[in-house]
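Take a look at the following structure, please.
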Amino acid sequence: MRHLVALVAFLAFLLLSPLLLGVVNRVKAVFAGRTGAPLLQPYRDLRRLLGKQAVYSRTTTWVFRAGPVVGLAAVVAAGLLMSFGGAPALLPFPGDFILFAYLLGLGRFFTALAALDTGSSFEGMGAAREVTFASFAEPALFLCLVVLVRATGSMSLSGMLRAELPEIWHTQGPALLLAAVALLVVALAENARIPVDDPNTHLELTMIHEVMVLDHSGPDLAFIQYGASLKLFLFGALVVRLALGFPFSSTWWSLLAFLGGMALFAVVLGTIESTTARLRLIRVPQLLVAASIMGAFALVLILR
Amino acid sequence: MALWTGFVFVLVVGLDLVVLASSRLRGAIRTVAFQGAVMSALPLLLASEHHQTVHVLALALGALVVKGVVIPGMMLWAMREAAIRRELEPIVGFVPSMVLGAVGVALAFTYSGSLPLPIHARHTLLVPSALSTVWTGLILVMTRRKAVAQVLGFLVVENGIFVFGLLLSDFMPFMVEAGVLLDLLAAIFVMGIVIFHINREFASLDTRRLTSLRD
Amino acid sequence: MLLLLLAPLAFAALAFAIPSGRIRPRVLLVGAVLHAAGVAALWVLRPGPALGGWLALDAAGLLTLSTVSAVFLASGVYVQGYLATHPERDNRVFVGSLLVLLSAMTGVSLAQNLGLLWVIIEITTLATAPLIYFKHDALSLEATWKYLMVCSLGIALALLGTFFLALASAGPGGPRTLLLSDLVAAGGTLSRPWVRIAFAFLLAGYGTKMGLAPFHTWKPDAYGEAPGVLGALLAAGVTNVAFLALVRVTTVCQAAGEGAFARGGLLGIGLLSILVAAVFMVGQRDFKRLLAYSSVEHMGILALGVGLGGAAAAGAFFHMVNNGLTKGVLFFAAGNIHRAFGSKQVDQVRGAARRLPISGPLFLLGFLAITGSPPFSPFFSEFAILSGAFHVGRPVVASVFLVLLALIFVTMGSTVLHIVQGDPGADEEPRQFHDRVLTAGPPLVLMLVVLALGLWVPDALTALFEAAASAVRG
Amino acid sequence: MIATLVVVAILVTGASGLMAVAFHRRPALGQALACAAMCLGALAGVVAAVAALLAPAAPELALPWSAPGGAFALRVDGLAAFFLFPVLIVPALGSLYGVGYFPQARLGAKAIRLQLFFGLITGSMALVVVAANAILFLAAWEVMALAGFFLVLTEHQERDAQRAAFVYLAAAHAGNLALFAMFALLGRMAGSYDFSAMAGLAAAGGAATAVVALALCGFGMKAGILPLHFWLPGAHSSAPSHVSALMSGVMLKIGVYGLLRVAGFFRAPPAAWGTAMLVLGGVSAVLGVAFALAQHDVKRLLAYHSVENIGIIAMGMGLALLGRARGDAALVFLGFAAAVLHTVNHATFKSLLFLGAGAVIHATGTRDLDHLGGLSRAMPRTAALFLVGAAAICGLPPLNGFASEWLVYLASLRTVFDVGAAPHPHIAAVAAPVLALVGGLAAACFVKVFGTIFLGHPRSHHAQHAHEASASMLAPMLVLAVVCAAIGLFPAALLPALARAAAGWSGLPLEGLGRSAAEAGNSAWRVSAVAAALIVVGLAVALLRRRLLRRPQPGAETWGCGFARPTARMQYTGSSVAGMLVGSFRWAFFPHTKVVAPHGVFPHRSMYSTYVPDTALERGIVPALSWLAQLAARARSRFLGAVQFQALLLVSGLVALLLWLAFGGVQ
């Protein structure tokens, strides 16, 4: 039974991620007073891109073609480790969150290389910024995860995000709150959302994540966008499970509740994007360092 | 007999101070020669009864010949050869070298009493005069400019050691004094040659020229 | 044993007699070979004392004698090549004094009577003077003058010290003699204050001959101006012999109960010598003077070793042998480099390894050996001294010793590497001074001996070190 | 029997250089024979190591040797066996690589000398690892240091090679002197110089801390832990590439081996040692990778990465020592396994990267990143292998870098739980985020390196006519890449052997370590499972892509946001990719920036270049030595030449002795 729930959760992860992006765009549109694109628009975009023809720059080599493939594969493999809504992951083991973080790192590594392969200064700019901010975000992510390890006593993601998390809130409330906020900031940075990076800006000089994928087209662009949505879903699962601890006896009910939570997360994300403006590039490292300090503070609290 | 030996010791120390004060090289050489001659009389004066007179006589005569005649003669010859100027200006000036000499002598005399001599000192004044002569010799070497003056200083040091050697002459056989004489002869002989070469090389015996070897 | 002392004198007389300049070096070579054979015989026979106990062979004496004869043999071969390159200079005095020096050094190794010991050391001083003056130019004259003046003063103080020692033994019930064996036997009866004053004077006197710190000022001048072969003989022969004299005096102090005082003095002077050597090596522009300061440093290490006592004393004797051989290599190579480049200044000498394919690398290997790199034997002796320091419980001394060694390695290394590496550039005058069998052979053989000693120390030698150290050790 | 096999391996590899000397008239044959001898010796050594690992008791061998206090005693225990693998395999591959990279036919005497010392250094390193006596250890250690000096000096006519070689030799010798003192102290504490007598020493007391401090100086200098790493970048960048691969991949590990061996002597090391090692490791890792980011020379960059990886190994060791202080077997196993596994891994991927860099330098002739670019088109196979190495060093999952860094993470997280004796060093948990920061920076650095060298347009004429490396250079790189992938995919296979080595090292009972090895084992199998899943999904996506893009796709110019004529110089260079990060680490290194600002309406040539010197060397060591030199110069007063002063010196020495005699009052 446990494997069935895990499989269903994993399939939900694979299928519903683009919907998450749709909800976020819809919330931003509502805030802007527009009716916005239909919720299923991301699925249509993916189908359109998969059918289109790809144009490749003459300076690029096989690295450019491998970038999107490895990026997508890495995120899917990371999905195998994540537990969605309290249900255990498909392959849980102690220390799996380290593999989870490094798989995302692998995806980022190849995307940045693909960007540099095009030989254009804009893509180089994007790659440089991406790797710089990532190296600031990594410690913050790990600080929060160490806090979770200490709080829940287990070293695997499934163990950390299991059902008894709400009881732990009572004892370690403040530390977990700090960790949740820090995790949210890291999620925003990793998925190139507003305060750190603007997903639909057109001025290359200001972009970070978008400018890296500037030269991709056709199926490659589809893989990248699908990968980005999966990654957002993963981070969402982590934040939602940590923040909204609702005690449900049967796993099916908690799975449904988790999907509701994910919708709520999308709404929260939309509101943040609509209400805050982009930070100047030199402010972003300070934000991420602030997140690490919050994580460290939470660690000190919990280790006391 | 003790009165005479005491008189000789005081004369030796007196001559030390004269050498320190002398500004002319020729005068200094003659003073040191006289000191050597005087000292060579000491073995006779100090000879106690159970000593073989032949050995003491030979020693005294040898000392007289070497210290009094051979070495001063050689140094005067070296001076004529090098035709050097007469006067003898010490680096630190006459008065300070004199004062240093006097301090040395005073210290020697006051503390020699307190030194626990294991055997009966042949004469109370022997040890202090030996030490003060050695000290004067060292000052001469350290303060005089001329190479010949430094050899003179070395000569005075040897005289001091010779006097000290007398203390042991009764039980230490002939070897000790012979050692001193041998050392004296050899050192002065070689230095004579060197002075001759220095003069030929530098056309002056002033050691200020001899300072190019430096780190 | 007496024969061994007189044979070189006979050869010296012969050398003086022979008119022609070409045959005289052969006489030197024959003398060296005979002397080495004699020493080998001594190793086997171990004869008893001669001349009524005044000449006897003990462990320390045999060690010094072997080092001296080994380096003299190498010098003998080297001199053949060296004099061939300087046909114009009259080598009568040179060869004669070398042989006199050899007999004097043999004498000191065997002398048991401290008075006799002092006289023979005086002879070594006089024999060395003309050798330093071999180049007959202004600088070597100045070096000779300074050498003579400082050493004669030192020797005079040593004589005074010997008298004090005789005085100490003349006390009530004392042995009233300067014979080493009697002094040691009657140790208790010697009057202690006089023994301490005697040790102070003798340390100053023989320290001057050995080149320890405050008395070392003659060494850089003499080694700097003397030809390479004399540098080797001085560093390996005369200084080791002076060290042997100091060891004899320390043995007497040890017997008289003043061992702690003697070892304290040696320790202090040893460390001071290494420090002074380190300070004066920094930025040294003349590589022969650099080797002179290295000799001051290693004499300091020997004094330190004996000063520490215990296992370090055995290490010190092992180091005496190693230091002698390695200094031989360094000075021969330095001599070759000096002749090949015509200058001693570090700025004008570049790429010695390229111009002198044997002497250049040997100079580098010699440097590595002297600073205690393991495959060579000085490493083991320095390590023995160091572990001795820790065993005796003096960690502060050991750490200061190590820091100074590191500093010396860095300073010496920069100069030596500067000389050996790089390309020499076009040499203006025709290359008549290059590596020849006679001039490059001896350092090569000595280097192989040092390497062999590093890999395999024969048990007989280790037994000797232990025996020599037991006399001095507290 | 096994020990004699090891001795044979040491002798054959040590003497392999003689083949080149013997056949110098026929260089190709000479080099081939030398390489064959090296591979043969390596093979024998590896077989012996594997046998030693499987053998119940550690094989020993003792031969008579007369050095005072020394004995030719060898002991191949678990720790030594594990270190034998990199010490023998990397040089064998290096000499194979040398056939193409440093041919004796073309370079003559220089190549002969290189092979001679290449063999010597391998033999001496193997001897150091199996030595069981302090004197033998020190002798082999310095022979290794000297051989390294002559190897760095291969290009002896270049000024900076000479300077780097001298700095290396001075550092190595200073380190050795610290080791002299350490072994003397150990000899005094244990009574004899044999390692067997030194096992199980009490860790309390000043002597033990002094030993560890000296060990940190001596071995830290050789391993390149941060403050003592100043000799490393110069030496590794001026040596030929396969030599720097050997030095960086293997010689630094001998320093690590020394630290582990000395730490193993003490029974229950206090927690302070572990924390000190952890902190040193963390600082070395973070600042090492920060320095690497700021470099322009590819070999200096890789050298600084060695400092970073040594830092990670030191963190592993620190955690193992903490484990032994708390008596927590799992922490000991995880820390020890992390340190040793990362040593082996680092030896493989660092050598792969250096050989790759060597191929690039061989093809283009320059080491400066900003002159290269677009080489993956001219050198596709080198680019692919270099990418494998880069991914491995950043610890990315399917490769071996991840396996060992993962163990360090597990060890660090283990300290979070209250297990074992009272003082719980929770603070060790900070090691995990520090390692994450290092991982992020390493990824940034290797994106910069791979991007600037292999991707984009060629930036200079050097890069335009590069040619692919020869087969003999690519083969060793391929072997190393395969080893990286194998360890990455199946890390669990090595854990049981690591448990036995840990038991031998720490003295804890085997079953406690075995149990934690089993736990780590089955989660390691899960890691392999996820890696397999990653590869399967990747292949599936690739197949989907090929099916979608069956028809040939049109090519076009890169979209330069409308810029008409982009030139190669407008690409992001090495310093620009790392610009922001270098800016944030400004407090650690003081970059020299030369800027010719463009001025006027049509500015002519303007230029911006940054150069980051090694802070430890430029701000620490060089000023100290020059201050000492001035001090010494002042000490040599000008009137020292006068005879009178020399006489005065003599007399004052005597007077000082007499005063000390009178007032010193020696009892």
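Each chain gets a letter, A, B, C and D, in the order it is written, and its residues are counted from 1.
Convention: a residue touches a chain if its C-beta (ideal position, glycine included) is under 8 Å from a C-beta of that chain, and two chains touch if they have at least 3 such contacts.
Everything numeric here is computed off the predicted structure, so don't read it as measured data.
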Name, by label, each chain that touches both members of the pair chain C and chain D. B
Per Cα centroids, the chain farthest from chain B: A
Dominant chain pairing [most C-beta pairs in contact]: A-D
Taking each chain's centre as the mean of its CA atoms, how far is chain A from chain B in angstrom? 101
Which whole number of Å gives the spacing of the CA centres of chain B and chain C? 32
For chain A versus chain C, what separation do you get between their C-alpha means, in angstrom? 78
Between chain B and chain D, what's the gap in Å when you average each chain's C-alpha atoms? 70
Hey, what residues on chain C touch two or more of the other chains? 145-146, 149, 153, 280
Note: chain B residues in touch with at least two other chains are 138, 141, 150, 210, 212-213, 215
Chain D touches at least 2 other chains through residues 636, 640, 643, 647, 651
Touching pairs - complete list by chain label: A-D, B-C, B-D, C-D
Can you list the chain D residues touching chain A in their complex? 373-374, 376-377, 380, 383, 387, 391, 394-398, 402, 405-406, 409-410, 413, 416-417, 426, 429-430, 432-437, 439-441, 443-444, 446-448, 450-452, 454-457, 519, 522-523, 526-527, 529-530, 533-535, 537-538, 541-542, 544-545, 548-549, 551, 553-561, 566, 568, 570-572, 576-581, 584
Chain B-facing residues of chain D, complex: 636, 638-644, 647-648, 651
Please name which positions on chain B make contact with chain C in the complex. 115-119, 134, 138, 141, 147, 150, 154, 157-158, 161, 164-165, 167-168, 171-172, 175-176, 179-180, 182-183, 186-187, 190-191, 194, 197-198, 201-202, 210, 212-213, 215
The residues of chain B that touch chain D in their complex are 91, 138, 141-144, 150, 207-208, 210-215
Contact set on chain A toward chain D in their complex: 50-51, 53-61, 63, 65, 69-70, 72-74, 76-77, 80-81, 91-96, 98-99, 101-103, 105-106, 108-109, 112-113, 116-125, 127-129, 131-132, 134-143, 146, 149-150, 153, 155, 204, 214-215, 218-220, 223, 285, 292, 295-296, 299, 303
